[in-house]
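After the structure tokens below, expect a handful of questions from me.
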Amino acid sequence: MLLIRHFEETLIGLHDQGHFEGHFHVYIGQEATGVPALSCLAPDDHIFTTHRNHGHLLARGADPARMYAEILGRRDGYNKGKGGTFHIAASHLGFHHTSGVVAGIIPLAVGAAYAAKARKTGQLAACLFGDGALEEGAAPESLNIASLWNLPVLFLCENNGKYGAGRAIGAVQSFSMAVYPLIDLPKVYKINARQVDGTDADAVHQAISEAVERIRRGEGPQFIETQTVRWPGSESNWPIVPVPTKIDLAWDVSSVPQKFRDWYASSDPVLAFVRKTVECGAATRDELAEIDRNAVERIDKAAKFALASPYPDPQEAVTEVFA
Amino acid sequence: MRELAYYEAKLEALREILAADERVHFITEIATGFLGLSARRFQFNEIAKSFPDRVISPPISELAVCGLATGAAMAGLRPIVDLITASFAFEAWPQIVNEAANAFYMSGGQTRAPVVFHLLHGLRGAGAAQHSHSPQAMLWNCPGLKIVLPSSPRDVKGLLKAAAASDSPTVFIDHVLLFEYKGLVPDASEVIPFGQAEIKRAGADVTVVATSLMVQRSLSVAERLAKDGIDAEVVDPRTIVPLDLETIMASVEKTGRVVLVDECHQSCGVAAELAARIAEVGFDRLKAPVRRVATLDVPVPFSPPLEEFVSPSETRIAAAIRAAAR
Amino acid sequence: MLLIRHFEETLIGLHDQGHFEGHFHVYIGQEATGVPALSCLAPDDHIFTTHRNHGHLLARGADPARMYAEILGRRDGYNKGKGGTFHIAASHLGFHHTSGVVAGIIPLAVGAAYAAKARKTGQLAACLFGDGALEEGAAPESLNIASLWNLPVLFLCENNGKYGAGRAIGAVQSFSMAVYPLIDLPKVYKINARQVDGTDADAVHQAISEAVERIRRGEGPQFIETQTVRWPGSESNWPIVPVPTKIDLAWDVSSVPQKFRDWYASSDPVLAFVRKTVECGAATRDELAEIDRNAVERIDKAAKFALASPYPDPQEAVTEVFA
Amino acid sequence: MRELAYYEAKLEALREILAADERVHFITEIATGFLGLSARRFQFNEIAKSFPDRVISPPISELAVCGLATGAAMAGLRPIVDLITASFAFEAWPQIVNEAANAFYMSGGQTRAPVVFHLLHGLRGAGAAQHSHSPQAMLWNCPGLKIVLPSSPRDVKGLLKAAAASDSPTVFIDHVLLFEYKGLVPDASEVIPFGQAEIKRAGADVTVVATSLMVQRSLSVAERLAKDGIDAEVVDPRTIVPLDLETIMASVEKTGRVVLVDECHQSCGVAAELAARIAEVGFDRLKAPVRRVATLDVPVPFSPPLEEFVSPSETRIAAAIRAAAR
């Protein structure tokens, strides 16, 4: 989680310094969903994710250096610079195709699940998407087929709109989705569905591992909605870091600008996990600080690696159009 | 060699493909099936019964179904999706042109999506505006898709086999009005590689480049014109992605006169691209302007005489060849 | 209802005689839905229908002669021969646009309702579609918006798959729709929804008139599913008439070929209505026979009119592309 | 006349349109709004606030939203739908190309659908494969849609006003990289009729036909080349449906040399159609092959030097003009 957090905060810095162009999205605030969720999957499961993919890849063990290189459009990027932030793919980790089209991956994940079932490989397909994706017709079409054909697919809907100005708002009726709660949608397609607090790593872990077990037992598609509160740094279209995350913030947020303080004090899943870890005695503050320093260091190195990686030869642009 | 009808060769190819490779799954509305609404469609049933686990009927959800097939291809299958009427590909447009087409490139060559989308294009007779599309030009505007347009029994068989073996997403487009055409098909299983045009009729005066049903229509016109001393060469690219421009240009080199016959709407249609390419490389060889015979730029009308009027009919093809030969 | 029935049976004859080409769909078996449903609408309401539109147009008072002319591609057709069977439009009756694309009209109807609400005209938009349309993503997307924006739209889903080999089967779980009963789908979008026997004209009338009242009161979208048993003449892709409908069949179906007899005996809504009318004393058998003769005569004349109507001038093909 | 930036002229037009006609409703994601992801997007807020009942944010449901707007147009409104990134028009493809485009024709002239679809097309910088489409060529292949491609502050204002007044479904396509261009805009409200090309730069040697951002890029290249004695004429069709072929041909008549600059993928792109038409009617006038500068036929890569390589860059435009002038 700390690695993801530092990855994203550093990334915003790289953007501000002009090291890469274009629109991008960060995973800050959703770390306690992605990390436990992906830990429940087997090494050969298929994973499909979206514009908000960085946390998922890191949670699965992707190399932050190659991710940065991709986001900066460098030769050593996972996609050799052809994909960029929206499309990071890492086939060896099960990330075949990452789409920036809202709901684009939902049918694809259902298809990978279809293949796994047909080939009797025991794999499942995990489909990670935002609450907004349920507004696209591709979502209900896919839920329907997954249910009818009893496919081994895990739908993980990360609803980052709780109490927020986001889309499908977790705790109240939204302006863009009439279905409330969201899990009523999969349910109406006879898909088992559960809501869980996406800032509570343990709760997420339990919900996802149960869902995965059900899928492996052949019980068909499972749907989990995790609710998180949208990180205030993403209120604008380009993310800004209100304050760099440090372990100490878990106990004292006075260094956070007033208007962002609430989120760090009560909604930040990383700081909550830090507090919990210390409270339950699993680690001391010093041990965590050490882990944190290592994470920062690893991210620093990764960023340096990416910055040193050359741009691809322009001619590369016309290769690999066809397999 | 045996004589087969187009639809028979097409079914034969599908049967062989399904029998040869367990990874092939065929997604279609079984009731109407691989042969569209043609009178022959019931012949598909036998195949559906032979491969009950791999021939499946989906809900009416073209978008999710094309995505499903693409995702399944990414995960080790080789699905063929039958969208029946080509116009329904529009429902699946985001998955075909923005997911499948981009997957290999965008992933930096990591992810293959060997999926085949099967469509029946064109003016089928009374299809009216919504059921008569020829989306091959729009698809050609989307890099990443291979596009196959067979015109004969031999080609449909050999090209379908190549499509099933292709590692790239492939759109296989044929025409319900081709189904009854007969022709020789090799006994042994033949795979016709993509990117090899075929001279369907040799001739000295005018080069006619046509695809799909328009090949048959052009051949029939060419025979008639031969009696009037106009000797047309009919070239069938068979696949437009990849395109065998060499064979086309060799013919243009000889004749210096070109007619393009294409069932897409004219503006930005397949004929537009062929015209642009031929004139780019063959400018000095052309003795007359390149002529296009395509569907007129209006929605396709229902009424038969209106439909005939807008279509690339034999009358219009003949007039264009005569004008080019002059 | 009798007019619709004879219209369709005669149409099948016209097709068999080669008077028109191409695929077409008939409304036989659904007459007791369309007739009462459309009688509940006001003259200026908007109506959007599908490939199975003939009964809707006739129920609204469209001229069978101009409908035949359209289906035969003649100059006097409602669309001047440009539309054909799938696309009959009759703007003066509220039929602006009839689409052959499954679910194509659902968003359009929601849009007409949006316009009515914005312009405060008091109109509603009726959206008539089959059970299969709910499988298309356009349907849930539209239900969502209609609900969120509280639009005056009547969704009438004619589920013609009851007990049949059709798509979303009315009385059992279907192979193509996981949502069962179908009305659970609008309900999950918080749209008021009801199921009704589509072969019972009175029940349909009551359900639709209540729904229309609700809409006029500003209560937003209403959804009605009518269930009918698919007419056996449509088992194949081109309809065939097992037996021409006559009043007497209401009491004696022995002239119907064995394999089709069941439907005429127990599922035919026209014959059921005939029986009910006589039983409750609203009309005698003779009076009904007279009405039937008039309907047959009107249809005969209509067919003759269409056959005598010339084809449009081919040049017409290139007119009216732009308004 | 005042000098305005493109984005200012665009907003001004929208404000005037909304103020003038109650039937206009503007459907957009208010947060990102009419100005896409540009730095100027917040300026849209003021308009959103001025017309709270007629500027509305829909769910992420492009298909239903475009259908809704089309249906509302059939029932008396004149909606403008902002799809923001042009690639998302693919989600709505069935409604745009198979419902809206066909409605008037298919109904035999009964039903008008005066809806405007607004798209931001093209290579915006790091949009990668899925967000960089230029669907104008695909749309030109669909009869029934008017297609507008402004390139200057004055044009965007005058053409948006014409689009709002059009009784036919109209696709209004512009480019986020145009927003900062400045130019003179008349004080009085001006409506620029569809189908009138404009000579953006007069020249004697080579005719350059370009649309949208490519007009600005071509103008900049033309100025550079003028110093080397190559005098290029830059023609901007402004609308491709309807197309003012006369103005284009008058220029070709004069120069005999043509370069087409187009941001669509090359195959079956806008340049392909222009090339085919120009060669059809101007065959005898052409002194050199018609040259196309378009986006190379590969999915758009993310990495900046790769994106530059596939794009119709100034380098490639200059090379094409030089070659044509030779």
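In order of appearance the chains are A, B, C and D, and numbering begins at 1 in each one.
Just so it is clear, a contact is a pair of C-beta atoms (placed from the backbone, for glycine too) under 8 Å apart; a residue touches a chain by one contact, two chains touch by 3 or more.
Note that the coordinates shown come from a computational prediction; the quantities given were computed from them, not determined experimentally.
Farthest chain from chain A (centres taken as the mean of C-alpha atoms): C.
Looking at which of A-B and B-C shares more C-beta pairs in contact, the answer is the pair A-B.
Inter-chain spacing, taken between the CA centroids of chain B and chain D, is 30 Å.
For the pair chain A and chain C, the distance between mean C-alpha positions equals 47 Å.
Rounded to whole angstrom, the centroid-to-centroid distance between chain A and chain B, based on C-alpha atoms, equals 41 Å. Computed centre separation for the pair chain B/chain C is 36 angstrom, with centres defined by C-alpha atoms. Contact with two or more other chains is made by residues 58-59, 61, 63-64, 87, 91, 94, 98, 105-106, 128-130, 143-144, 297-299, 301 of chain B. Counting partners per residue, chain C has 77, 79, 81-83, 87, 99, 101, 104, 135-138, 141, 144, 148, 175-177, 321 as the residues that reach two or more other chains. Those residues of chain C lying in contact with chain D across their complex are 46, 48, 77-83, 87, 89-91, 96-97, 99, 101, 104, 106-116, 118-119, 121, 123, 125, 137-138, 141-142, 144-145, 148, 319-323. Residues 135-141, 143-144, 147-148, 175-180, 184-185, 187-191 of chain C are the ones touching chain A in the complex. Contact residues on chain B toward chain D in their complex (touch as defined above): 87, 90-91, 93-94, 97-98, 101-102, 105-106, 128-130, 133, 137-138, 140-144, 241, 264-265, 267-273, 275-276, 279-281, 283, 286, 288-292, 297-299, 301. Those residues of chain B that touch chain A in the complex are listed here as 23, 25, 53-54, 58-59, 61, 63-77, 79, 94-95, 98-99, 103-114, 143-144, 146, 167-168.
Chain contact summary for the complex, chain B toward chain C: residues 31-32, 37, 41, 57-64, 87-88, 91, 124-131, 296-299, 301-310.
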